[in-house]
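In the two complexes that follow, chain A is the common piece, with chain B as its partner first and chain C second.
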Partner chain A sequence: MREESVKKILLAAAVALTTIFCLGPFIYMVLTSLSNNPDFLLPTKPFTPTLANFMAVISSESAHFLAYLRNSLVISAVVAVVTVFLASLAAYALTRLSLPGKTILLLSVLALSMFPPISLISYLFKLMSALGWVNTYAGLILPYVAWTMPLSLWILVSYFAQVPLDLDRSARIDGASRFQTLIKIILPVAAPGVFSTALLVFIFAFNEFLFALMLTVDYRSRTIPVGIALFEGIHGQIPWGEIMAAATITTIPVVILTLLFQKRIVQGLTRGAVKQ
Partner chain B sequence: MNVSFTNVQKTYCTLRGKVEALRGIDLEIGQGEFFILLGPSGCGKSTTLNLTAGLELPTAGEIRFADKIVSSPEKKIFLSPRERNVAMVFQSYALYPHLSVFENIAFPLRVAKAKEIGKPVRNTAHTLGIATLLDRKPAELSGGQRQRVAIARALVRNPDLFLLDEPLSNLDAQLRTSMRAELKRLQRDTGVTTIYVTHDQTEAMTLGDRVALFRDGELVQVGTPDELYGRPRTSFAATFVGSPAMNLLPAGIQKEGDTTVITCADGRSELPQEKAWMLERLVTREALLGIRPEHITITTTAELASLKGRIETIEPLGRELLYHVRTGVGNVLVLTTEAELRLGDTVHLVFDPSHIHLFQPEHGAS
Partner chain C sequence: MKNKERASSSIRDRLPKILSPDREVLSGCAFLLPLFLFICALILLPVLGTFLDSLRRDLPYLPTTFVGLDNYLAIFRDAAFWNSLRFTTLFVLVSVPLEVILGLIIALVLNETFPGRAAMRAMVLIPWAIPAAVSGRIFELIYKYSYGVANYCAHLLGVGPVNWLGTDLGAFAAVVIADVWKTTPFAAILLLAGLAAISEDLHRQAQVDRANFVQRFSKITLPLIKPVLVVTLLFRTVDALRIFDVIFVLTGGGPGGSTNAVSLFAYTYYAAGDFGYGATASVLLFVVALGFSLAYIKMARFGEELL
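Entry: the complex of A and B
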């Protein structure tokens, strides 16, 4: 009994430590954003919570915070949809059709994703300049789709491989074309995987910094991570409170998405598909 | 609709080389026939079914539905499954897990953009006794219910051809027997030409109008269940069909005047005149004598020309008993109602000459 309780206490302590370690920066961010005092860290000064920083960030015309946020949301959503759609087609082909060299194909896709983005950025900038796509949504969406494709493909291939082949065969005998089979059978059955892939891609694109830094010029296409990093107060000082307020608002969409799709991800949709 | 296969071949290319799944199949399946493809696993029966459904392309040969060619690599013709109007029931049932029973059955109609969906779905569900389950998801159904949904989905659009791939092997024994009877009734009521794949010879014998026995990608024998049982063409057909399996014993053939005498250790039988045709398939004087367990008389008294042995195992089967008798030429199974014999008894076996089969021994395979 004593050993049991010791174990329980240790477990609780470990959980608490991990939580503090993970959420610490987040809490610090939220607290700073709510503080009216840029020198928050000084324990001598009293802490009075205020929403002034949030109001300032949202209402400031010159900060373009809302424009950055909109850019990020639109670009990430489009990237998530396009990537998952294209990766689904590829994953269908890789799991369903008899292609020569499937494994080599998958491995080379993986190898491609090993290139550090920094090594690509100069050519990417040249390419986008030539296309006239610098500082446009398309100029970010295209590299993001390419950049998130290997991961999506690998995740979707593993999910699609779990969908029994008999379902495809059955659908095709029932008269469905291959595309209908993918849309009406495989995607819904693999929905948990598809949703989690889309979510991951969204978060990746939402957080991406380097491409966004290099390929955008101003508020018309700049995304929020770059926006926050380049945040400057009107008088050139570093406005920590406003930066933290902006960062706090930025985390909200990701948190909401995760909470929303949590259910769908966990839901075991494949149960009962075939007799085990 | 009748289906015909002409020299159909299928070769799979794998990493380890080519695998010949079908080595030239010729088959005619008649209109409205309940046709069984029987054989051990890997014999090519499922491949034949997939080729018929249009799920796979043959390597060579021709498949026709009525007068229409549906597959012919030589003529570059291949109709997709949707152009063939075939329906199929899978061993795994392959129900769509995200759709309700109603939507599962309705799926072929929706894909075909049928005008009327509710009525045919409900009618078919009613026929199969699953009308009360239409709102459920497949996960909430028992094995037997899933099976019925799978059959309903296949029947709902009035297919020209009904294909079943081991549909009963996931059911428990009792359910299997009742579903078997129901399938037979359904097939007779609808009159749809049916091709049924199984490795279970009992299913083949009870369901089939005709049976095609496969082995290693080749057809061993095609015929009615009676023909396969009564006149097996090879020792493989003889042992695969019928339960308990036919006994095969090494035997010698001798001509004595007009009669042919078969000797088997100390046992002797005369080959009846009407069975003389069997000699034609023998290449050598060596032969395998085939006799079904129910065509052997077992006695304790020594009779002329009987085969002597000792009872090793007794399996009571209820109405009958199955004796395993060890003889000088191997183990012999005897099925009889004679219940007086005990383990270890020395017995004498007499073969009913009118039920004797002779086969050419196969080399390399039993």
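Entry: the complex of A and C
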């Protein structure tokens, strides 16, 4: 019994510490975005709540914040749909067709994600420059689709493998083509898994930094992480309130997605890594 | 083993299949074609291109020339490169164990039943979901010398203000803490999945046998989650080696190049138009990442367990 009570106290302490650890910086960001001065922790500077930072960020023409946000949302959504569709095709082939060398293929695709992105970016930059696609949506979407493909394939294969083979066998007997079987049978049955994958791809694309830094130039395609990283203000002093307001607006969509679909995200993440 | 049987028996079947492909293989190729195209054009070709670049002198306004291993010879004599490699290695050796240990503690907590556990599981994902560039910016503010919350807490604890971003040690700690905050949730989530797979009966039986918490952890939990632990270490190491976003935002590689990660070292050359030298650093980073991966794979032989 003594072990039980010691355990209870330890658990409560650990829960409290974990909460502070995870939420602390997030809360500090929100507080700063709502304060008229970023140095509100100094005893001489009281915390005065204001929405001025948010107004400034949204209305400022030169900061292009809304353009960055729109670029990020559009690019990430397109990448999520395209990657999941193309990876589904491949996952269908790997789980439903008897092909030579399937295992090796899957392992080599996974091995691709070992490459550091820095070892791709110079060539991608040259390629996109040659095509005239630097600073366009296509110039970011195509590398993102390729870059998120291995993980998506890996997760989708594990979901598709769980769809009973009898389902698509009977569809095939009824005269459906392989493509129809994938679209009408497997994708709907594996819908939760497909959705998790799309969600993960969206978040990865939304958060990506290095490619976006090298392949975009201005508000026409620059994504929000790069926008916030390079945001320095024009008056010399770093406008922390505005940066944190921009950061808050940016994190809110991802945080809501994460909280709503926590189970799906965890499932998708662990699918790739933990065999259950 | 099943795989071996399949391999030996199918060599004969396979040859004619490739020579006169049946419809199944043909449609398989069709389904795999988009994946192949994307991966070849936008991953394999770029990696190959970077390797070729590392054998060239490729500067703006000058003709590109093949220089063999000159870039490698130069980079091995470059103190700044060794400095960035040393920082990157140290960063991995400090941050990854911290992340995995903290992640394991959080996973153990989340694996218990207590009120509010579901909310807690969702909350843990928040640092993971925030873009690293944005969290870098948050930590930049946290470390502000005169009014940041880090020195505010230091003050409450009775410690003098720390010059986080202005000293070598402070900047190293700053980068490690920011990265630990951002990536520990990922480790925790993976490890939690491993813990959840352990049968309750094992622990109950051990409790009946009067094994205490430490014994249960070291004799049951640890051996059973070893495969997940190795996968987590591998993922975290590969990811930590390529660290870029947080450092770009937080320290810019400073002060005095003391946090200049290899990715940032290479990026600086790319940004200046020196593609040959930047590519050389990238190739070497890739080699280091490969070395780490092979070491882990050998350690756990986890290739066998994956499929």
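Annotations
Everything below uses one rule, namely that the second predicted complex is superposed on the first by the 244 of 276 C-alpha atoms of A that agree within 3 Å, B and C clash if a C-alpha of one lies under 4 Å from a C-alpha of the other, contacts with A are read in each partner's own complex, and residues count from 1 in each chain.
In the analysis below, contacts are C-beta pairs under 8 Å (C-beta built on N, C-alpha and C of every residue); 3 or more make two chains touch, one makes a residue touch a chain.
Remember, it's a predicted structure, so these values are computed and weren't measured experimentally.
The partner that reaches more residues of chain A, of the two candidates chain B and chain C, is C.
Of the two partner chains placed by superposition, only chain B is touched by A:Ala191; chain C is not.
Within the superposed three-chain model, A:Ala229 lies in touch with chain C and out of touch with chain B [touch as defined at top].
Look at A:Gln180: by the touch rule set out above, it reaches chain B but stays clear of chain C. By the touch criterion defined above, A:Ser5 reaches neither chain B nor chain C.
In the overlay built on the shared chain, the residue A:Ser62 is in contact with neither chain B nor chain C.
Residue contacts after overlaying the shared chain place A:Arg169 against chain B, while chain C stays out of touching range.
Note: residues 269-270, 273-275 of chain A belong to the chain B contact set and to the chain C contact set alike, using the contact criterion stated above. Chain A makes touch with chain B in their complex at residues 164, 166-167, 169-177, 180, 184-185, 188-189, 191, 269-275.
Listed in rising order, the residues of chain C touching chain A in the complex are 3, 10, 14, 17-18, 24-25, 27-28, 31-32, 34-35, 38-39, 41-47, 49-50, 53, 105-106, 109, 112, 114, 116, 120-139, 141-142, 144, 146-149, 152, 181, 184-186, 189-190, 192-194, 197, 212-213, 227-228, 231-232, 235, 238, 241-242, 244-245, 248-249, 262-263, 266-267, 270, 275, 278-279, 281-283, 285-286, 289-290, 293, 303, 305-307. Listing the residues of chain B that touch chain A in their complex gives 50, 53-55, 80-82, 86-88, 90-98, 107-108, 111-112, 137-141, 143, 146, 153, 157, 163, 170.
Residues 3, 7, 11, 14-15, 18-19, 21-26, 28-29, 32, 38-42, 45, 86-87, 89-90, 92-94, 97-100, 103, 105-107, 109, 112-127, 142-143, 145-147, 149-150, 153, 178, 203, 206-207, 209-210, 213-214, 224-226, 228-229, 240, 243-244, 247, 250-251, 254-255, 257-259, 262, 265-266, 269-270, 273-276 of chain A touch chain C in their complex.
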